[in-house]
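Would you mind keeping the following structure in view while I ask a few things?
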Amino acid sequence: MATGSTDVHIGPNTPAPQSASSHLTIDDRVGLLRAMLLMRAIEERAMNLYRQGKVPGSFYDGFGQEAVSVGATWAMAGADRLCVLHRDLGAHLVRGVQPSNVLAQYMGREAGITSGRDGNVHFGDYRTGCVGMVSMLPDMMLVAAGMAMAFKLRNEARCALTWFGDGSTSRGDFHEAMNWAGLQQLPVIFVLENNQFAYSTPIDQQFAVNPVQRAAGYGFPGVSVDGNDAEAVFEATREARERAISGGGPTLIEAVTMRMHGHGAHDDMKYVPKALVDEWRQKDPIDRQSARVRELGVDVDALRAEVRAEVDAAAKQALAGPMPDPATATDRLFHPRDADEILLEDGAAPWSGFGTSR
Amino acid sequence: MATGSTDVHIGPNTPAPQSASSHLTIDDRVGLLRAMLLMRAIEERAMNLYRQGKVPGSFYDGFGQEAVSVGATWAMAGADRLCVLHRDLGAHLVRGVQPSNVLAQYMGREAGITSGRDGNVHFGDYRTGCVGMVSMLPDMMLVAAGMAMAFKLRNEARCALTWFGDGSTSRGDFHEAMNWAGLQQLPVIFVLENNQFAYSTPIDQQFAVNPVQRAAGYGFPGVSVDGNDAEAVFEATREARERAISGGGPTLIEAVTMRMHGHGAHDDMKYVPKALVDEWRQKDPIDRQSARVRELGVDVDALRAEVRAEVDAAAKQALAGPMPDPATATDRLFHPRDADEILLEDGAAPWSGFGTSR
Amino acid sequence: MSELTYLRAISDGLRTEMRDDERVLLMGEDIGVYGGAFKVTDGFIEEFGADRVMDTPLAESGIVGTAVGAAVVGLRPVCEMQFADFVSCGFDQIVNVAGKMLYRQGLPVNITVRLPSGGGFSGGPFHSQNPEAWFMHSPGLKVVAPSTAEDAKGLMIASIRDPNPVIYMEHKNLYRRVKGEVPDGSYETPFSARVARAGTDLVVITYGAMVHTALEATEDLEDASVMVLDLRSLVPLDERAILDAVRECSKVVIVDEANQTCAAGAQVAAMIAEHGFEDLDGPVVRVAAPDVPIPFSPPLEAAVLPSVDRVREACRQLLEY
Amino acid sequence: MSELTYLRAISDGLRTEMRDDERVLLMGEDIGVYGGAFKVTDGFIEEFGADRVMDTPLAESGIVGTAVGAAVVGLRPVCEMQFADFVSCGFDQIVNVAGKMLYRQGLPVNITVRLPSGGGFSGGPFHSQNPEAWFMHSPGLKVVAPSTAEDAKGLMIASIRDPNPVIYMEHKNLYRRVKGEVPDGSYETPFSARVARAGTDLVVITYGAMVHTALEATEDLEDASVMVLDLRSLVPLDERAILDAVRECSKVVIVDEANQTCAAGAQVAAMIAEHGFEDLDGPVVRVAAPDVPIPFSPPLEAAVLPSVDRVREACRQLLEY
């Protein structure tokens, strides 16, 4: 089990202190930290593997943005559905994807989620209720809206969520999805991951007005939240989900954060002012959550060590796995008529509020 | 000369009465009426020709919306550039396109603006500074933004204008154009022609919030204006143009109007409540402008008769012209390298404020 | 059996499948209250309600993208592009999202996209296109193109049931022009070719509206026995039926209403030139629209679209070869 | 003359034309401050300023559409799609607005759209596509695809000067792999084919990166004399050069990195099957990517992309025919 409960907990359902969301138990708060640590550890390992030439292509990570995917996913029920983007590895982990499969994915191995058909974080494991992104940004906003449309049509108390970057808001599909969601008042949550840059381009060259302010123009709320605070992201998402499943329609959440690495492994991001990076380094989401749970008496160092060990084992396992068989390269272009129907399945939903950690 | 001065004027530069825009002379006000009358008369004639089987394909008109294209175009200088849409024949007429060429266009004749290559109002005469629309809505918003971008880059005091319908605002290109224009603060005017329907679909099935309210989210003003009042449309456009050419950026103008005919000639629009049509019939833009200039002592009946005669003559001329030669069907796919460069040229700009009627 | 127009047969296919399977829903501009620009879904909203016959905003990317989302959670959307031409506005969602999902992540996308296509009635450059080749060149999409009322219904039902994204080309110029006996109830037409007329001297290979052009052009061609092969499905392409026909006839004319470069007909010709070469008794002749937008004015349009005369002349010359 | 990589030759072409003609401006994502995802425009913003090397929002339709607008009032925009794959998001503006403007209304659209295309470096399904055939099938667009540094520069200059929309395919896998002597200053490469190697027994017809694959595959093919024809331009297609080569060699292998159905190679094969039939001494053989998305993992990608071995084997078999 990748995330959720941990050995380092103090006891279930210990009430969270005032400062934090009243909807999180200590287990939850540690779980959030653990998932963020796991995300970071996997991506750091992957970056090493990339430097060793074991990860083909390029490599993209979400260093410094872990709170956004982890915090939002923590609020999602197993029956909810997600479209996961390229800075959001944490979402996969919370939903139950195994670290070894993630590392195998990066290395193009058979055990990767896409069996080597697609690279880096371009994957979704349908068994966890997640649709993997396509590169074209932000196409998945429409897919998420479509899932929500189906839920609404079928009168199901479920919702869909997707992430996308600040830069992605410039494209037409952003608008078509926002308009569709507002018009039909769909149970969908759009998480705008404002990390200040789209590749090399700063936000002031992407738009004149922060897109979170546009939500009202589509008929639903837009809220800004500290994207480096996992609990704040959780809470905003939880509220948005409440609204969504009770028929209140969509929410646009802007998670304000910073891309702390280059766009990809090849990018030294010398176009980013050093002072900006320094400033944001002080706001590291893992440091912040660590301080919180440390105050609760949790042994964070032990947690870190545990996560590190898990990732070591995962890397070992992934490295031991084979590359895909070239003879399979043209398989599975079409799904056979007589094969079983495949649909998205429920994912893990560790939040204590759902009453079960899986 | 299709529009502009007329035989029925009272005298140049007679000040307009208080109730009207202080920027319009009586000549202007009669000119506006004349252009609207001409648009309606041409379209009515074309509808007859369509019923007689002389107009191939379908036929689309702007009955009841004449004030929008005529009023906005009246505010545009010769050096400005326009992308003209399917309800906006008046724009072509104000810019100097001849009625006989318009009717020839509808009938697919050689003398049509596109020489029979495209149909109905899908045309633009580059010699009048107008780009004809493509069917894909609202693609031309980006083309207009691009023209404005060039003006800005070259530091020219010119602007671009385009129209589009309420339904067209749902498409991604609307957003990409709005964002581009706001970001670069371009000298462009977007006229949203809200005629309550997109084909059969009422506006409440197109968006949850009126798109004019979205302009602020792109960083520029959105204004609503009575789209059945040519002088009001003129005035809003004039102000927007002032802002544009003085570096103040784009404007979104919503011209509130009603599509009084079916989407096309084939459409009986039984999906439109009769009461709605009746209500809007009271607000006919031509009746309104007629009343105004009649109060000024203009003989509107004589003007109507004159326009009718002009259209009769134009129809005769158009009907006498040949169909295109099939041997030319594959010509002009590419412009030869050694041919003269062709760019948009200046159109007619009859507004007295430009000091010259042509 | 009932005699139906091609258009009514499409409607019948949709209606049959909607009655049988509540997961099926229709999405498109003006398909509900208005019944569709061509009235294919006339009366549907009364029978199935606005939720299953959804009038959407004017947003083709939105239509396809939301349909993909609805499909992966269990619905079976059938999207209408008001005209095939507007599919360019939903192109990315089709080729990149719908077309590649299964190959990449094992998740099938059961959507059908209806494209009212083709010229012949002064639709002009934006209401006459035949964009099937774009989708044939995009892996992961099936592409079908019925020419008869019977196949229009059977391919519609088969497309909806197929778990993959299917581009359903319906030729506007057949809507009311073509009629035929159509079986009542539910049936499927296979994604394979059909011999529209048997023959031994020459085969005309084609699909969609051009099947009728080909039949008319070769009805009475001196004493030659001309086969007409109706492909029906472009992806998958029935290569065996094509090569069988080439073996039988040795002479081939390929007719395609689309612009000729890289058209479906180019693929068929290339395939024959590679795998049927030894059976050929003459050049692989193509008749298609030249590479220009489809013009509006009747004499120009007639000069561009493949006509009965052009097809007949091509066959005549090849027979003499 | 200087020795330049293919990539630097593209840069050189852009720079040369920007110095000569102030109407030329570049538009794209991250092309300014960052110098482009592949550094094609590295240093340009310093020389030409942000107005002429414009970092745009992430909006491909926006890039193409505004470029069209700028072109019809006298600028000469060169648009970069960050990867060719993303052109699907600007597809409609290219095929419907840019491609049909001149034919419909006599107004030329002088834009150039750069598409960094192709696979071979684990780019996966969304960073490896070769979409040229979509545009070949869309009337009103020219399409060029240089394979050498010299042609990369010359075709860039010629594309910018051409008054029509030109799709400029630049193969990413050639960027740094291919070097060559490139004339200094301004020159144009014609939109016509080039004999990359003369030969008489068999001709390999190809373009872009596959020219190098073809040359390598046939360098040392027993005693056969193999011609390699580099098309360079796909629209217009140099049919005369192709047919001359077929006449000379009688045997043809067509190599195409794109997915095979309806690819550029299909058009070439179809054209030969029709107009070069009598000169053929064997089937028209095609080597192309099978119809699947280009997979990421090296062994899978290698299995899909046409390789030196596959091309050699195809030639060998055909020579024995």
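As written, the chain order gives the labels A, B, C and D, with residue 1 at the start of each chain.
Basically, contacts are C-beta pairs under 8 Å (C-beta built on N, C-alpha and C of every residue); 3 or more make two chains touch, one makes a residue touch a chain.
If you're wondering where the values come from, they're calculated on a predicted model, not measured in any experiment.
Touching chain B and chain C at once are the following chains: A, D.
Looking at chain A and chain D, the chains that touch each of them are B, C.
Ranked by separation of Cα centres from chain A, the top chain is B. If you average the CA atoms of chain A and of chain B, the two centres end up 48 Å from each other. Work out the mean CA point of chain C and of chain D, and you get 30 Å between them.
Between the CA-based centres of chain B and chain D the separation comes to 41 Å, rounded to the whole angstrom. Looking at chain A, residues 114, 117-118, 122, 134-136, 170-173, 176, 179, 183, 205-207, 333 sit in touch with two or more other chains. For chain D, residues that reach two or more other chains under the stated contact definition are 57, 59, 61-62, 85, 88-89, 92, 96, 100, 103-104, 125-126, 139-140, 291-293.
Taken chain by chain, the contacts link every pair, so each chain touches all the others. Within the complex, the chain D residues that touch chain C are 85, 88-89, 91-92, 95-96, 99-100, 103-104, 125-126, 133-134, 136-140, 235, 237, 258-259, 261-267, 269-270, 272-275, 277-278, 280, 282-286, 291-293.
By the touch rule above, chain A contacts chain B in their complex via residues 170-176, 179, 182-183, 185, 205-209, 211, 213-214, 216-220.
Remark: chain B residues 56-57, 108-109, 112, 114-120, 122, 134-137, 167-168, 170-172, 198-201, 205-207, 271, 323-330, 333 touch chain C in the complex. On the side of chain C, the complex with chain B involves touching residues 29-30, 33-34, 37, 55, 57-62, 83, 85-86, 88-89, 121-127, 290-293, 295-300, 302-304.
Those residues of chain B that touch chain D in the shared complex are 81, 113-114, 117-118, 122-126, 131-132, 134-136, 139-151, 153, 160, 172-173, 176-177, 179-180, 183, 332-337, 339, 341-344.
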